[in-house]
Amino acid sequence: MKPLAWAYLALAYVFIFLPVAVLVVFSFQDGRLPVPPLQGLSLRWYEKVLSDGDLMTALGHSALVAVISSALALTLGFLAAHALARVHLPGSAVMRGLLIAPMTVSYLIIALGLLALFSQTGVRLSLWTAGIGHVVINLPLCFAISFAAMGDHQQAAERAARDLGASEAQVLWHVSAPMLAPALAAAFFLSVTFSWDEFIIAFLLTRFDVTLPVEIWSMLKSGLSPATNAVGSLVFLVSVTLVVILELTTFRKGRA
Amino acid sequence: MTADVTILHVSQHYAATTALDDVSLTVAAGEFVVLLGPSGCGKTTLLNLIGGFAEPSAGQILIGGRDMAGVAPAARPTTTVFQDYALFPHMTLAENVAFGLRMRGMGRDERRARAQEMLALVGLPGGDDRRPHELSGGQRQRVALARALAVWPDVLLLDEPLGALDLKLRRAMQDELKAIQRRVGTTFIHVTHDQEEAMAIADRIVVMNQGRIADLGPPRDVYLQPKTLFSAEFMGEINKIPVHAGHSPLGASVPGTGMLCIRPEAIGPTGSLPLGPARLLDAAFFGTHVRARYAPLARPDWVLTVHLPQTARPEPDSVAELYAQSYVLLET
Amino acid sequence: MATLAARERRLGWGLIAPALVWTAAFFLLPFAAMLALSFAHMEGRAIVSGLSLDNYARALGDPTMLKALVNSLEITAIVTLVSVLLAWPLAATIAWTIPPRLQRLALLLAVLPFWTSYVVRSYSWLLVLGKNGVLNKALIGAGLLGEPLQLASTRSATVIGFVHFFVMLLTLTIYANLVQLSPNYARAAADLGASRLRVLWHVILPLTLPGILTGAFLTFVLCIGDYITPQILGGNTELTLPQLIMLQLQRSGNFPLASALSVVLMAVVTLAYAAVARWIRLDRL
Amino acid sequence: MPTPKAALSPLAVLAVLAVTGPARAEGELNALVWCDHTDPALIEPFETANNVKVNLKEYEGTAAGMAILEQSRPGDWDVLVIDAVDVHRAVEAGRLAPLDPASLPQADLFPELVMAENNQVGGKTYAITEKFGYNTISYDRTKVDPADMEDWAALTSGKYDGRIGIYDYYLPVLGLVAVGQGMKTSDINAATLPALRDPLMKLRAAAKQVSDVVASQTALATGEVDIIVGGGEWLTAVLAADNPNLDWTIPRQGGLRWAQSIGVVQGAAHPDLALKFVQYILSPEGQARLATSSCYWGMPTNTRAGDVLTAEQKAVLRWDQQPDYLKRAQLYPIPDAATDQAMQDLWTEMLNQ
C-alpha cells in the first residue's frame, strides 16, 4: 500500500506542476516562441514585461478592483451574516438562499446579466462596473464564511458588550470583527484572489481600463510569446509569496 | 449606585410554553437576592427580562421606579455577569474591565485607573496585561465581575456565575461575592440552582418553580419554614409524613391536614413532637454528622432519615424512640 | 414606543438590507433584464423587445446549439468524474500517508499552481500539449512515439486543462472532509472485522460523500460555465455552451439569443443543484 | 437606523455611474479598431504630436464591432475601423459621420482602393480605405508542395488532412469557398449559400483548427499547422523575419481582397480630433507604420507610403506584384442582414463539427 501511495503522490505532483514548470522554464526562452527547443536563457522577456506600461496599469487596476470589491463584499456579507445569526427575522431561510444563490450561477451569466442591465440603463462600462460584478460573485462567499464562523462563543461576548453599553456598531467593530478576524481574513483573502484572477466579468464589463487577466488575454491573442510566460511566472511568484507569508502569519495563528 | 427593582405581574410565553406566569416581586435597593430553582423554572428568563435581553409578554418591570419597557440592555442601569463570563478573548484583562467605560466615552487614563480599582476590588491587582485564556476559571469569574461593576450599575445581574467552578472554589467565591456586594452596595440579583450557594450569599431567596414563585424569604425562613412543599423539598432533604385531621400513621398529632415536613437534623432522641419507635436500617458517617435511616415500627415500609451527632454510634437493628424538634405542616 | 423585539428586528433588517439590496440590484435585476432580453428578437441587426420564444426554439432545437449543450454536458461530466477520481486518492494519501506535521505543506504544494493566473494556466497547458509542445517532444525524444499526438485544439486538451484545475480544488475540499473524520470510525469498523477495502467502501466513503458532492457540484458549476479553458485549449472546435454564448454576443451581436442560451445554461445548473441539494450545504462551505 | 440610506446605496452607485461614467478626459480619443492599430509604434507618434491619449478597443469581424457599438452610448466612440465592404452597413445603422473629401488624400490612393461605391453613400463620403491585402492561402513551403497551393481543390484532396488551419472569419473564408467552387463572391446570397455548405464542411473536416488572426499566425509559425486558409501577407509578412519558409499565394481560381476603411463615428465626442487621427493614419508616415504593424502587415492604400517604406518592407509586402494580385482577387461578399445571419449560422455550425 505505502509504495503505491507514494508513487501516486509523485505522479499527482508531476501532473499538477507540469504546466507551471513549463511556463516558468520557457519564460527564459531566448527566442520568439515558448516551445522546444530551448534556445538559450534570457531575461529579456521579463524586461519587456516590466517595462510594458499597459500591463503595469492593468496590474494596478486589478489590485484596486480586488481590494475595493472584496472589502465591500466582506462588509456586506459580514453585516448580513451578523443580522441572520443575531436576530430572528421572518423569511431568514429565503434570504440566506438568496444571498448564497450567485454562488451557483456561472460567472458568464452574471456578467451577461449585468451587461444587459448596464446597456439598458445606459451605464458606461468601466473598472467600476467590473468591480460591481466582483462584489456580486464574492458577496456569497464572504457571507457564507462569516455566517459559518459565527458561534455561541462570540455571540455571548456580543451580548456582554451590548449589556455594557456598546452600540451595535461598537459591538461589531470592537467585539465581533476582532473575534472573527481569522475567518474574515480568510474570506477577504479568498475574495481578493477570486477578483484578482477573474476574467469573464472583467472582460465583458470593462472597456479601456482593463484588469490584468483581460490584459493577459489580449497578450495571448496577440500571439504565443515568452512574454506571456514571463507575466504568468511573475504573477505566480507574487501570489505564492503572498500565500506563503499569509500561511506563516495569519492563518497559522488563526488556527491556534 | 443602587436601585430597587419591582416586577409587576410579569408573564412570558414562548409559543406553547409558559416560562413565567404572573410573577410579582420587589427587590429593595442594595439587597442581595437569589433566584433559586431547578432548570426550566423561569429564573434565568426573569433575569433576562430584568437585563433587557427579552421583553415580557405581559407585566411591567421597574428599576429605581423607572419603567423599563422598550429600554435596551445598554440603556438599563443593569449589567450582567454571564454564566460563561463572555470575556472578550482578544482584549487584556484591563481592556475587558474598561470596555464599558470606553463605550461611554471615558478617557484612556481615567478608565485605566477605574479598571485597576475594580481589579483590585475583585482581588486581581496587577497582571492586567494578561488575556482571558491565560486565567483560571475563578480568575475569569472575577474579571467578569469587575467588568460588570466597573460601569457603576444600579443592579448587578448574575447568571449562575459560579456554575462552572469546582466545589471548593465555589464556596470561596461565595464568601467573596457576598463581601464585594457589601462593599459596593449595589443591588445583586443572582441566579443559581444550588440551594447551599443561595443560603450562603442571599439576603433573601426567591424559590421558583414552573414559572411561579414558590417561596421567598431570608434563607432561615425558607429552609426552616418553607411555604410550599416544593420549596421544602428543594431546599434540602426532608422527611414527609401525611397528616389527616390531626392524625398520622405514626401517631404524631399536629392539628390540621397536610404533609408534615421534618428536616433530618430536626429528628433526635428528644423533641416536642414524638414520632414513635423506629428500627435502625443503616447508618453512615458523613463527617459533620451520621446519617441514619430508620423504619418506624408503625409503618415498617417507610424510611425516616435522621442526622445524628458526629459522635453517635447507633447499634444495627436497635430500636429508638424518635422525636421532632421543629417541623412544618404544609398543605398538599 | 417600539418594543425591544421590534427594534431588534429593525436593526436586523438594517444590517441585512445592504447585502439584500445589492443582490437584488446587481444579481436579480440583471437576471431579469437578461430574461426579458431572451424573449426579444433581432430585426435585421437591431434588437426588438417582445415576447418571442424563437430564441429558445433555436437554443433547444437548432442542432448546432444542441450540440454545444451536449458538448458542455459531456465535458463537464467527464471532468467532474475524472477530477473526483484523481483527487480523492490524492487527498487520502496526503491525509493518511504523509506525517501530520508535513500535511499542510503537502496540501499547500498540491494547490500551489492554483495561484497562477487562470488565463495563464490554460495557456501553459497549450505549451505542454501542442504539436511541438513539451509533451510531444519528450515522448518522441524518448522513442515512445513516432508521430506527434494531436492534443491541442481537441476535447482532450480542454478536459486535461479542466481536470488540472479541479483536482486542486477537490483535493482541498476532500482533504478538509477526511481530516475531520475521527479515526475511530475506521478503527471501530476494522475492530468489527471489516477489511481495509470494506472500511473504505462502507465507512469512509459514505462519510466523505457530502464533501465530495459539494466539491463535485462546485466543479460542475465552474466547469460548465467556463469560457477560457475550452476557448484556449479546445480552440474553436467542439464549441461549448459558453463559447457559443460568446460567439452570439461578440460576433453576431445577437444578445437575445445569447441571453436565451444563458438561461438554458442556468437551468441546467439549477437542475443539477436540485438533484444534489439534499446532500450539500453551500452556506457551510 | 441604516435602512433607508443603505438600501439605496447600490442603486445610487448605479445612478452615479449612469450619469457620470468614468470622467472622459479632454483629449482622449476612443477608437474601435482592428488589432493592427494597437501597435504603439503606430499610435504613440500621434499621441505625442497632439498631446492626447488614444484608447483602443480591438475587435474582429464587422458584426462584432457593430455589436460593441450597439451596446455603447452615443459619444462613447470617436473613430471606427471597419471592413471597406461594410461601410454601408455602418452608415445605415447610423454609426458613421460624413467626412469632407477635401480633407483626405483621396488622390494619392491606389485607384482600385478608392472604392467609392463602398465608402460613399448617397454621394457623401463616410470613410476612406486605409489598408488592404489578400485572403488566400498561407503555407510553410518546406512542409507542403507549393505547386499544390495553386489549386483550392488540393486542400480537400486528403493529402493535407489535419494540417490545415482556417482563419476564423466567416466573410472571407465563405468567399474563398465560393471562389474555389468557381462562384463569384458577389453572387453569394440566401439562395446560393446552401451550395457552399458541403465544400465548407469538407474543408472543415480536413482542418485541424479554426482560429483568429494571431492564433493562426502562431499555429503556422510553430508548425501546429502547415496551411492557413484565409491567410495572406497579413499572416506571413509579420513572421517573415522569424520564419523565412512561410509563403502565400493566390491560387489559380483566385483569392479575396480585403480592405479596411476608417471613419469618424456619428456623435463622436471629439470629432475634430477623430478627423485628425484619420488624416494621420492616411498620411504617408501613418500608412507606413500601419502597413508594418506588429499585429499584421498589409499594403497601404496611399501610394506615397512607398517613399517611407524600406525596400525590404516593400519586398515583403510584394509592392510590385500588386497590379497582378489586384486583378485576380475579388472583393468580400456583401450580404444583406438575413444572408449575413445565415452565413454566421452556417459558420457556427461548421465550428461545432
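Labels for the chains are A, B, C and D, by order of writing; each one numbers its residues from 1.
What we mean here is this: contacts are C-beta pairs under 8 Å (C-beta built on N, C-alpha and C of every residue); 3 or more make two chains touch, one makes a residue touch a chain.
Here the structure is a predicted model, which is why all the values come from computation and not from measurement.
Peer 1: Which two chains have the most contacts between them?
Peer 2: A-C
Peer 1: Using C-alpha centroids, which chain lies at the maximum separation from chain C?
Peer 2: Between chain C and every other chain, the largest centroid distance is to B.
Peer 1: Of the chains present, which has its C-alpha mean closest to the combined C-alpha mean?
Peer 2: Minimum centroid-to-centroid distance belongs to A.
Peer 1: Once you find the CA centre of chain C and the CA centre of chain D, what distance in Å lies between them?
Peer 2: Centre-to-centre distance between chain C and chain D: 36 Å.
Peer 1: On a C-alpha centroid basis, what's the spacing between chain B and chain C, in Å?
Peer 2: 59
Peer 1: Can you compute the centre-to-centre distance for chain A and chain B, using the mean CA position of each chain? Integer Å is fine.
Peer 2: Using C-alpha averages as centres, the distance is 55 Å.
Peer 1: Give, as an integer number of Å, the spacing between the C-alpha centres of chain D and chain B.
Peer 2: A distance of 89 Å separates the two centres.
Peer 1: Which chain A residues reach two or more other chains?
Peer 2: 35, 119, 132, 224
Peer 1: By the touch rule stated above, which residues of chain B touch at least two different other chains?
Peer 2: Residues 72.
Peer 1: Give me the residues of chain D that touch two or more other chains.
Peer 2: 10, 14, 71, 215, 222
Peer 1: What topology does the chain touch graph have (line, ring, star, complete, other)?
Peer 2: Drawn as a graph, the chains match no named shape, so other.
Peer 1: So which chains end up touching which?
Peer 2: Chains touch in the following pairs: A-B, A-C, A-D, B-C, C-D.
Peer 1: Within the complex, which stretch of chain D touches chain C?
Peer 2: 1-3, 6-11, 14, 59, 61, 63-64, 66-67, 70-71, 89, 93, 162, 168, 208-211, 215, 222-224, 337-338, 340-341, 344-345, 348-349, 351-353
Peer 1: Quick one: in the complex, what on chain C touches chain B?
Peer 2: The contact residues of chain C facing chain B are 1-5, 7.
Peer 1: Residue numbers of chain D touching chain A in their complex, please.
Peer 2: Residue list for chain D touching chain A: 10, 13-14, 17-18, 21-22, 30, 35, 38, 55-58, 71, 73, 76, 212, 214-215, 217-218, 221-222, 242, 294-295.
Peer 1: What residues of chain A sit close enough to touch chain C in their complex?
Peer 2: Touch list, chain A to chain C: 1-2, 5-6, 8-9, 12-13, 15-20, 22-23, 26, 34-37, 75-77, 79-80, 82-84, 86-89, 95-96, 98-110, 112-114, 116-117, 119-120, 132-133, 135-136, 139-141, 143-145, 147-148, 168, 193, 197-200, 204, 212-213, 216-217, 220, 224, 228-229, 231-232, 235-236, 239-240, 243, 247.
Peer 1: Would you tell me which residues of chain A are touching chain D in their complex?
Peer 2: The touching residues are 32-33, 35, 115, 119, 121-124, 126-129, 132, 207-209, 218, 221-224.
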